[in-house]
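Paired with subunit B in one complex and with subunit C in the other, subunit A is shared by the two complexes that follow.
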Partner chain A sequence: MKKLLIFVAIIAMIAVPRVYAVPVSGEAVLDKMDATMKAERKYMEEEMVLVTASGAERSRAVAVWNKNVGEEEMMLVRFLGPANVKGTGFLMKNDEMWLYLPALGKVKRIAGSAKQGSFMGSDLSYEDMEALGSAGFSATHQVKAFKETKSEGTAVYQLDLVPLDPESSYSKLEILVHQELYLPLQIIYHGRDGLAMKKLTTFEHQQVDGRWVAGRLQMEDLKKGSKTVLKVNKVDFNPAVDDSVFSTRYLERGI
Partner chain B sequence: MKKLVRIATDHPRAVILIILILTVVFGFFATRVTMTTDLKEFFPQDDHRVITYEQVEVDFGAAEYIMLALEAEDLFHPATIRSIDLITRDLEEIEGVATVRSLTSVDEIKGTEWGLEISPLVSELPTTPEAGEDLREKVLADELYSGAIVSKDTKVGLIIIEVQPDADSVALAGLITQRIKDYSIPERLYLTGTPVLNNLLASSMQKDLKKLFPVVLFIIALILFLHFRDFKGVALPFATVFISLIWTLGLMGLLGKKLSPLNAVMPIILVSLGNAYGIYLLNRFGEELSRGKKRREAVVSALIAVGPAIIMAGATTVAGFASNLFSDITLMREFGLFTSFGVAIAFAVSLTFIPAVLSLFPARPPAHAKKTREGKTLQLLAGWINHKPRSIVVVSLLLLLTTALGLPRLRTDSNFFNFFPEDSQPKIAYNLVKEKFTGSESVEIVVEGDLQDPKLLTAMKGFQEELKATGIIGEPTSLVNILERTNQAMHEGNPDYKTVPDDEALIAQYLLLVEMSDDTYLSKFVTPDYRQARIQALVKDTSSSGTARLLAAIEELKEKHFSSDEVRVTETGIIVLIDALAEMIIQGQINGLIFALIAVLLILLLLLRSWQGSILSVILIGFVTIINFGVMGWLGIPLDIVTVLISSIGVGVGIDYSIHIYSRYLEGKRKGLDVKEAITVAVTGTGKSIASNAVAVISGFIVLVFSTFPPFRYFGILVSLIMFFAAAGALLFIPAVTVWQASWQRSNRKIKLEV
Partner chain C sequence: MKIKVGKRWITLVISLLLPVGMGLKTTPAVAAGISGGEFSLTAEYRGEMKNSHPRPVYSLALKTQQAETGVGFYIDLNIGGDLRQLQPQLEIGEAYLDFSGENHELRIGRQRRAWGAALEINPTDNLNPPNPADPFGEKEPVIMVAGDYYLSNTHTLTGVIIPFHQPAVHKILLPAGLFEADPVVDDWTNTQYAVRISGKGVYGWDYALCYLRGFEALPFVKIKKTSTGPVPERIYFREYQVVGLDLATGLGGAGLWTEAAYFFPREGDQYYTAVAGGDYKFGTGLYLVGQLVFKKDRMQNKELLLQQALELPIAAIHSLRFGSLYNTETGGFMLRPEAEISVGDDASLTLAYRYVDGDLFTEMSEGNIKGNSFNVGLSYYF
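Take a look at the complex of A and B:
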């Protein structure tokens, strides 16, 4: 009997630590993922290609400046192409939005309610852009489920997040996080009705300034059948810009 | 023939058992058959008009609408506006509804002192009469709302429910019809729009047929009983008809096909026509019995005598219905397929099942085989034919000529709206919307090209304005209106700027601005690649001629405004589909008739083996067809998706009478009778069957006169009419021509001899 107990104890010593070998929690993974993607300041050049359900395409190139310190969120978007919208600028300061139209030579405000909708008619909403671009997920979401699994041969953490904001368009986000890179490989956004609504997939993971970033993101609208591909052409995590960039006066200067 | 006869009479039990087992199997599949009224199912799946229509649904969100009109003393009373808002929000919750457009839900582009806002026209519901007045003034001044969602007299408001592309619009219409009954509001509600009409059409048609079908059965049973005066005479033809009906519905279920407004009359057709084969057989069986033959012997000789005629009659009827296979209209093809199948089964069962049953059960000679009144009438008729053949032919031709003069007046109409009587609820709603608003059905015009190009946008503007000026459509909405309003808003609301800017960059930037402000607003009017835009307008006159005028105007203005090769303009919408249907009806009708006449001629040549009889029969049926269309022209009955079926019935069924008469005539000639004697035997002998069959068929179809649907009524009247002419033609015209021709040949011969 004693021998058996010792045997069990040994087995337990070998086996149990294995179970507890995952030192991470869902929250920790989320924080680490945010830390990888988030930055107080960030500059990106991207190409945004929208493909409709029937296959029609539209492409726009933009330069984006982000600043995210504390409660303050700022974003400036400058259109680089196509030619007819080149120089158009968009500024978002917390809940206020402005647009500068070079052909009109004027800055105009856009009603804040527009923030509920999609970003520039793409399959990404302002909410998605904010979370992916600079603000991260941990401050605005709660982890409901967490497990380790594999996705197409890659070890991943699977997280179920629930938005804290009751006004959010989503009821749940299912994220697969790469275990080494701490980048999201896939996010499935569930609508208020609980059904899968959109799917984000990331590709071309690469290191920039010692941080891992996705070189290409694709958001699919599962209901409409359309998709938006974001190609990241340039990322700078330490852009030398001061706060004056995020002003309507700067907006009016064009390129 | 003899072998076939032997099978039925030698193994009657096996034949009956096999038929009954098959009936049970088909009966199982028959329970799966459902009903459809989806207009798209009339078209082949690859029809370009359906493809364009579905493309508009996919690219711009919706192309099918349910219209709810709300009538009140004053639409701008705060309580009424609350009612509109309540209904709008309630309907938006229903699954399958894409959006609901109404006074309280439409968005407008607002230029504010600080920028641009796309927000609801009514952001806060007015609570005071003054606030209501302000709103009235604003709405009446704007052509996008006045006459479109609010009537000019501000007594009726329109709530436009857009159906999601993948939703079942007809089922949704049914759901909404029920839903609005629960609203406890003082305002009156009227529901219309194609899905609503289709829903109502399907349900009332089912009700109608459920009501009329038993009446048809009863009347035919009564006539059969009066004719045969025994139970078997009723039961056997009835069993035949039911077996064929069950098999046909079973085949539909097996192939996953649905009943449509078109083939909903099929049960009545099969019941009215299918019993004929049994009647001829039973009549002859009775004749043979009264000649003292034994039961089985009588069955065999009856089958041998009338079998070929029944096969001929059946085959020609099948050919008549099969002529619908030439239509481009999918549902007409299905109607053709299933009705010909049903008729084929009916005559096959008549030739197997009935003899099998007859050889099993005891029978006595019919009581009425002696001289009756109808027998005397036929005797009289035969005498008349033999004495005055020429006057019969002349009167027939005069009748033909008179009705033929109505042909130019014949018109087509494929509009579902006309299926409803003027005082019916949907027609009242439709007329109200038609009277108070710019229209109740939409036309969708898709412009393909570079939609950021000011030249194209200016062309669109010119096109829209001129199209509106024709008075056929209400205010069109498109990208042009959005850009004009954005431009005005960006210039402090200055009306001078309510124009499309002449600068491509500015247009592109405005589009970006609108997109940034509200992503869904633009997507209803332009695709994200700015290659396709939709101009949407409500159409007032949705009749065939109205639609024809609209399409002609669109065609003319297209030429004028969009001459560039890089621009493509296509129009679609329910009314365009309906118009296309009319065109398909005519083409299918012509092809089908030609096919039917040729097929019938070939069958007759093959089986009747008489040039004269075959050609004479086909000529008669051609005459009957002309009479049918001529009468429709005179009475103003349009050729629509129901009445279009009549001529195929006329050809397929009307020919039967000629076949029976001529077969009997040839039989007499073979037995050595001269022309006049043979005609007399044919008219008095077969005439009886023809008369009772015609009375049975006509009684079956005439019941449709009590239908609530005008097309069914017309259908009933016209089929009865052509059956009458076909029977009369077979009893009078064909014998008269035969007699006349024989005497003319004789006198010719005489002349030759004398010379």
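Take a look at the complex of A and C:
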């Protein structure tokens, strides 16, 4: 009997934390996913490869600084290559955006409508970059459906999200979240017409500073047939930069 | 600043820059090597060339720059000309030293400073003279000392001193022939200077206020009335003061701007230029710009110009552009369709056509482009 009690106690010690670790709702899954991906400050160096529907490839190297605290969303992007776009800078502070083109030699405010379009000619929009970069999904989306399932042999949570912003380009997001890493493995973005519009797939998951990150992301435009591959070469979740970096003076001066 | 040079000069320049660009040890003065550049081949056809082949033009731009904490330098050299003649011209573009601190920057040397929020026609941008061959393009660099003091993350105070006057053109075409204008005497009392205060992201607005005391970039013809009629008394560059303002903001997804400058010449009548415009980018990537230019020119003619531009990305890596300008006073207009085809990460092919009919401006000396042209250019960036 004593042996049986010890056996039950050991089983309980192993099993109970697992039971409590499993989120019981879609909202909890989304919060855990955001906790993994979101950062108040983040610095990334990425290679962005644009692949057209005909298979032509163009590569760009970018450095991206993000800040996301409370209502404040800021992003500074600097093009590191190729030579014809090197030095181009882009700053977004909430709804305001500025572009610095070295050939023009000045910072130019750009129309807010640009936020609805493609991010620097890629298949990602500014909205996608914000959510994936630092803002996360829980503050801007509502969970409409949640279930546990398997995707290619991996246990995942499947969530259907609806954007809270009526101006969003999407009507629904279908996300598959890895049950252990709490990273999105796949996101299918549905357009305002309800049809699948874009598909994001993440690869090469790895730990950086104790956090799981995707080393490679691929966004496919399901209508146009083009895709953009983002290869993350460097991530820093605590970059030593202050708020002044997110100002137009740094667009011109560089960091 | 164009200088005709022999092969020896070019060999010297390249031999100084190339080895260090390849990482070989050398003196600190040239330690930066070539940090980038562009080589382009262009076939240029102008309407007056009739049945001739397009003129083959080549251009090699070499940039070298180095910066370390607090100090840096930048130089760009352009070598180019007609590919058939191989008598290249060496043109020094910008060449300056930078000194920077936490809240300030000082740039000394030959440089460009671009001011204004409007598209291509910037009435507040009077520090650098326009290029008469391309009045809508990049302006000519001049020697200046320019300092920026960052009052905060949003506000900047700028001061500029230009010791030597550099006009856009030295000569002017009058009915009696081509006349050279009297140059501005190199005297410290003729030093040009400007100040500007600008703010970005101030309650949703970008703004700038500026003041310039200097000399006009284009010659002015002072007319003397005689019994036989008016005759040119003096052709010179007038001293003037300029007060300018520009504003930009966003409204309902559209970008909006206005820019205006009032010119106070020491002799003669005052004049002004005011611009108002907006832009919008659609979800498809189509980018539209529209602009109105209202001006009273130096001869006191009033004119209204309508300017438009659009850009449409094709398959994410190519783009089509179309620009137009129409002068309601003269009836003159210009159409500029252009296609840019990406042929690699570092190379692009550009096809551009320019159609001009009539006078684009009421004042003849103000960049009235004549004739139509077609250009095919292949550029490689490194």
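We take it that the second predicted complex is superposed on the first by the 230 of 255 C-alpha atoms of A that agree within 3 Å, B and C clash if a C-alpha of one lies under 4 Å from a C-alpha of the other, contacts with A are read in each partner's own complex, and residues count from 1 in each chain.
In the analysis below, a contact is a pair of C-beta atoms (placed from the backbone, for glycine too) under 8 Å apart; a residue touches a chain by one contact, two chains touch by 3 or more.
This one's a predicted model, so the numbers in the text were calculated from it and none came from an experiment.
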item	value
Clash or fit (per the criteria above) of subunit B with subunit C on subunit A	clash
Subunit B versus subunit C as contact partner of A:G121, first or second or both or neither	both
Touched partner set for A:S244, first subunit B, second subunit C, both or neither	second
Which superposed partner A:Q142 touches (first subunit B, second subunit C, both, neither)	neither
Greater residue coverage of subunit A in the superposed arrangement, subunit B or subunit C	C
Which of subunit B and subunit C A:S168 touches, first, second, both or neither	neither
Touching partner for A:D95 - first (subunit B), second (subunit C), both, neither	second
Which superposed partner A:Q179 touches (first subunit B, second subunit C, both, neither)	neither
Superposed model, subunit C segment overlapping subunit B, candidates 7-15, 79-87, 151-159 or 313-321	313-321
Shared subunit A contacts, counted only where both subunit B and subunit C touch the same residue	50, 52-54, 56, 58, 82-84, 98, 103-104, 106, 108-111, 113-114, 117-118, 121, 226
Contact footprint of subunit A on subunit B as seen in their complex	55, 58-59, 112, 114-119, 452, 490, 501, 503-510, 512-513, 515-520, 522-523, 527-532
Complex contact set, residues of subunit A against subunit C	50, 52-54, 56, 58-60, 82-84, 86, 93, 95-96, 98, 103-114, 116-118, 121-123, 169, 226, 243-244, 247-249, 253
Sites on subunit C touched by subunit A in the complex	36-38, 100, 105, 112-117, 138, 150, 153-154, 156, 200-201, 204, 206, 248-250, 252-255, 257, 278-285, 313, 315-317, 342, 344-346, 348, 379, 381-382
Subunit A to subunit B touching residues, read off their complex	50, 52-54, 56-58, 79, 82-85, 88, 90, 97-99, 101-104, 106, 108-111, 113-114, 117-118, 120-121, 226
